[in-house]
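In the part that follows, the structures are each spelled out as structure tokens.
Look for chain A in each of the two complexes below; its partner is chain B in the first and chain C in the second.
Now for the complex of A and B:
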């Protein structure tokens, strides 16, 4: 039975969604393994078929120009591959632990939601996906029965509903003005307030500094697999929607304030990460910084960095999270006593080399391309942020290792292979003498800072900025002001 | 007052001021229908075979969104059941006889109204979501007044059958007509009860799903009180 290729984009949504209830229905581990494998394989098969015929437009239900517009293009390809890799690999790891069937159900629907967000071009459909994925995140974060987790989840729930209500208002107003919800067909002028009400909620979703102080608590308290999924795939959702919106002619000018926020986030994220002593929170703050890189990079280069970051950050979260779960310590001093087993330390190092932008690892390529294509102020900010990344990751590497039996867990191996493979295969795109020299200088200065500047000498003002509603309002006002002046 | 509080008030007032000031000219009241809205008004009956535009948009034109919205409700239910740690309450006081007798009269009437709304979802205002809330309210009234809870398994079963049914009808559309939620059944005459192809069937399934989910949430909350 053959299916028209023009229906394949919606299959990316439907397949994981139809498999999800089966995880609740059959509660044995063997069947869960079979179902998870089938979901991942079918998803990859659909992506492969779509890749051969890119770009493909679909209107759901066959209602051309009046249904929901889906499009599978280069951007969707990168993101859907990232989503299926991160969630599939987290499933591999989760089979070694005791996760309830609810976990598989939720992550399967999350996969479907994230896939949809990567292909949809409909403003209201994006709202549904934002809502759906956030509800899944609340439940995943709060799944451990502990009041601290509930509080982290509730904090995120409150701020994101405040934001999504604004997004929905903006979508309604755009529909009233232009008579369409299709991103590619919105015409006319979008006023500054509507543009900022549309974009700031997406910034909150993509985890950049002023609006994302929910992220450290949520990412650090969640179980290992959940933090990898949240940091590796969930926070990427906002960035793809922002890329889609800002590549239209009517919202192109909004990219300037977004770049400012992204650069700020890249810088402040690493300062916060360097000050922190809880290992999982270091990684969470580093996500805030790296998402700044992604958004500053724009649709083409930023999406590459989103993919690379999703992969090596998941690897870091897995190695560190497994260590934390094994020893029960979050603090870096306590972990220095326990130390990493040798095999895990090697994989941790691969992740760190990736995120620090060392040549031959994937982070080097996307980072140097992004820095190369920025104006001067952006170059300076991003190089400073890279130095900070090296310094804060050196803290993790300084935990050290002890001798142990050699094991190669398959979920580490998948991420590490992709990090190294991408780093070697595509090195031609970034390789220039300037990029090499720059990366070595960045690493040298970063290590020097790590050796000389102890975090206790840095004042802790930024940590106090976690009154999220006020920060959200401030971001929205400043975004509006910049757009208003620009007009 | 501390500086922090003063700053917070300043930001809140600034924010409300900016939003209110700049939105006042943005809301286009009293304008003509937009192009897309006019299209729906003119062509819905011809294209989908049902006279209710809202139903046609919810179930047919934007059925893909509705699948998402239905999942939102399912996840909310699972979240309440999975996370909300209910504590056993004090023994509840018995309801007043007026309420106990009143519920016997009102309960079937509410159910009947709910069933009427869902069956005529494609003809008259209202539909699966609204009827689901009405039907659930009947069960809620029953549970609250008798301070009891209902069998969760039965509702979970109804809910999963209805949800899977919706998705499967949508997928059947892919094989029958090459698009998700393609209307592959005969459309019949406009304004007939049996018309509109798959639209009434999907809406009845949504009604079943919504009502059982809402009942499940309240039933879970009532469980704490009743188990003593």
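Now for the complex of A and C:
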């Protein structure tokens, strides 16, 4: 039996948005489980149906060329799959703990906004989605109502509100010059200052080094599931919009400064991660570094790495976060006394092998493809960053394990399966003797660095709010300068 | 054009306030001022080019309706963000007893 249903891209926005209030209406856990399952299944069904008819263009309300322009293509497919996987799996994990109905309500709306960002081509619609998802993130980070969480969230709120005000200004100016908000139909020339005001807020959203120092505090203090959602799906939102913008002819030249910032971020991220002693902050800094890989990779290869990174970083945040919640220690020395239970350590290792780019795991494929397609300076920077990744992840692995009863939590299993499955199924795309040798050399040097070099404490000057604003302005000015020289 | 200059000045005042002031409430106030600058900018953009009205077929200068629709949305978003920020500030002052961003940052660096 086959039912012929017409699906539209806008359903990806509507379905989670409509399910969200139901989580608040019915407050029993059983109904929450049913609703969550329905949301995920419907979302997957819509993605599947849309995939069969790719690429689909839609103008909301049927106002051709006037309504909001939505498009479902390859890029949207990868990102929407990632979003629904990460949020769905976080729901599975959250049912084992005591989360208020508000959590499900917010994450459901978050899923809707993330999906929309993956399909929309309208600059103002992107602004609304950026703001809406950020507001949800502020609440999710501060859900514990501890002053530390509140301050981490408030810092993020101020810097991102500051940035998005600029984004909105840029959108206004673009409308003034071109008379349209549709990315595909903007023509003529965008002046360098407007282009940088448009792109730098998106870099802040995608968690890249000079502008995203809000990320370590926010991602490390948030509860486990929220950390996974933030690092796995939320920071990917900026990158897809950047890919959309830079694939248009008018902003194509902006890709060069973005690559520079991305390479810088990949390098600085691992240096900060290696010298950190708080385990969740190690993971947060490694997100900064990996987002550098994603943005350097460009729309085709970068989106693959965004997917893979979303999966194994969520796995890492789940294993480490569960351990931190169980023992109450953040510090790596204290955790070395407690040690991981064996089953959790195995899943941690799978995540680490994924992120370190070991062959047969998903990180190997996307990382080696990205490195292969970079010019020489990019290759050097990214290989150095991979070495740093191995070294900082070896720190996590060095915590060690103790014997325990064997459990296989389903949320770990989903992520681990995807990491291994992608790694084995698509290995042909990356497999060459050069890539294999490179990955083994990277791992060997990374381990050597871990054994020889002792981490130093780096003061957290860059995470002060006023310094963050200055960092933001400096990035904006340097972006503007590069774009101006290029013209 | 003068409105655009005014908008930029207001925006800059807000931006400087965020860097300069230590108190969280004053920082939030500066953010509000910045947002007001953007509102002025959008209103002036709407009046710059006289476009044809969207629905009625009449002549004469009309302001462009789209920037206004855009700015209404952004005012609402700004209101939501600002109220959330004020709630956070209130909770911080209740739990920590200080609103100085410098002191909060020092304490969080020591304890986390």
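FYI, the second predicted complex is superposed on the first by the 470 of 487 C-alpha atoms of A that agree within 3 Å, B and C clash if a C-alpha of one lies under 4 Å from a C-alpha of the other, contacts with A are read in each partner's own complex, and residues count from 1 in each chain.
Definition applied: a residue touches a chain if its C-beta (ideal position, glycine included) is under 8 Å from a C-beta of that chain, and two chains touch if they have at least 3 such contacts.
The model shown is predicted, which means the values in this text are computed figures rather than measured ones.
J.: Determine, for the superposed model, which of the two partners chain B and chain C contacts more residues of chain A.
T.: B
J.: One more residue to check, A:128. First (chain B), second (chain C), both or neither?
T.: both
J.: For A:42, using the defined touch cut-off, is the partner it touches chain B, chain C, both, or neither? Pick first, second, both or neither.
T.: Neither partner.
J.: Pick one for A:431: touches chain B only (first), chain C only (second), both, or neither.
T.: Touch partners of A:431: none, neither chain B nor chain C.
J.: State whether A:139 touches chain B only (first), chain C only (second), both chains, or neither.
T.: Once the two structures are laid over each other on A, A:139 reaches both partners.
J.: Given the touch rule stated above, what does A:332 touch, chain B (first), chain C (second), both, or neither?
T.: So A:332 meets neither chain B nor chain C here.
J.: In the superposed arrangement, does A:176 touch chain B (first), chain C (second), both or neither?
T.: Both partners, chain B and chain C.
J.: When the two structures are overlaid on chain A, which partner does A:476 contact: first (chain B), second (chain C), both, or neither?
T.: Touch partner of A:476: chain B, not chain C.
J.: In the overlaid three-chain picture, which partner chain does A:420 touch, first (chain B) or second (chain C), both, or neither?
T.: In the superposed model, A:420 contacts neither chain B nor chain C.
J.: Between chain B (first) and chain C (second), which, if any, makes contact with A:448: first, second, both or neither?
T.: Once the two structures are laid over each other on A, A:448 reaches no partner at all.
J.: Can you give me the overlap between the chain B contact set and the chain C contact set on chain A?
T.: 124, 128, 131-132, 135, 138-139, 142, 145, 150, 173, 175-176, 470, 473
J.: Contact residues on chain A for chain C in the complex?
T.: Touch list, chain A to chain C: 124, 127-128, 131-132, 135, 138-139, 142, 145-148, 150-154, 157-158, 161-162, 165, 168-169, 171-173, 175-176, 181, 217, 220-221, 278, 330, 459-460, 463-466, 469-470, 473.
J.: What part of chain A is in contact with chain B in the complex they form?
T.: Those in contact with chain B are residues 1, 3-4, 6-7, 10-11, 13-14, 17-18, 21, 24-25, 60-63, 66-68, 102, 105-106, 109, 113, 116, 122, 124-125, 128-129, 131-132, 135-136, 138-139, 142-143, 145, 150, 173, 175-180, 191-194, 197, 467, 470, 473-474, 476-477, 480.
J.: Please output the residues of chain C touching chain A within their complex, sorted ascending.
T.: Chain C reaches chain A through residues 11, 15, 18-20, 24, 27-28, 31, 34-35, 38, 41-42, 45, 48-49, 66-67, 70, 73-74, 77-78, 80-81, 84-85, 88-89, 91-92, 95-96, 101-102, 104-105, 108-109, 111-112.
J.: Can you check the complex and tell me which residues of chain B touch chain A?
T.: Touch residues, chain B against chain A: 7-8, 11-12, 14-15, 18-19, 22-23, 26-28, 31, 34-37, 39-40, 60-65, 67-69, 71-72, 75-76, 78-79, 82-83, 85, 160, 163-164, 167, 170-171, 173-175, 177-182.
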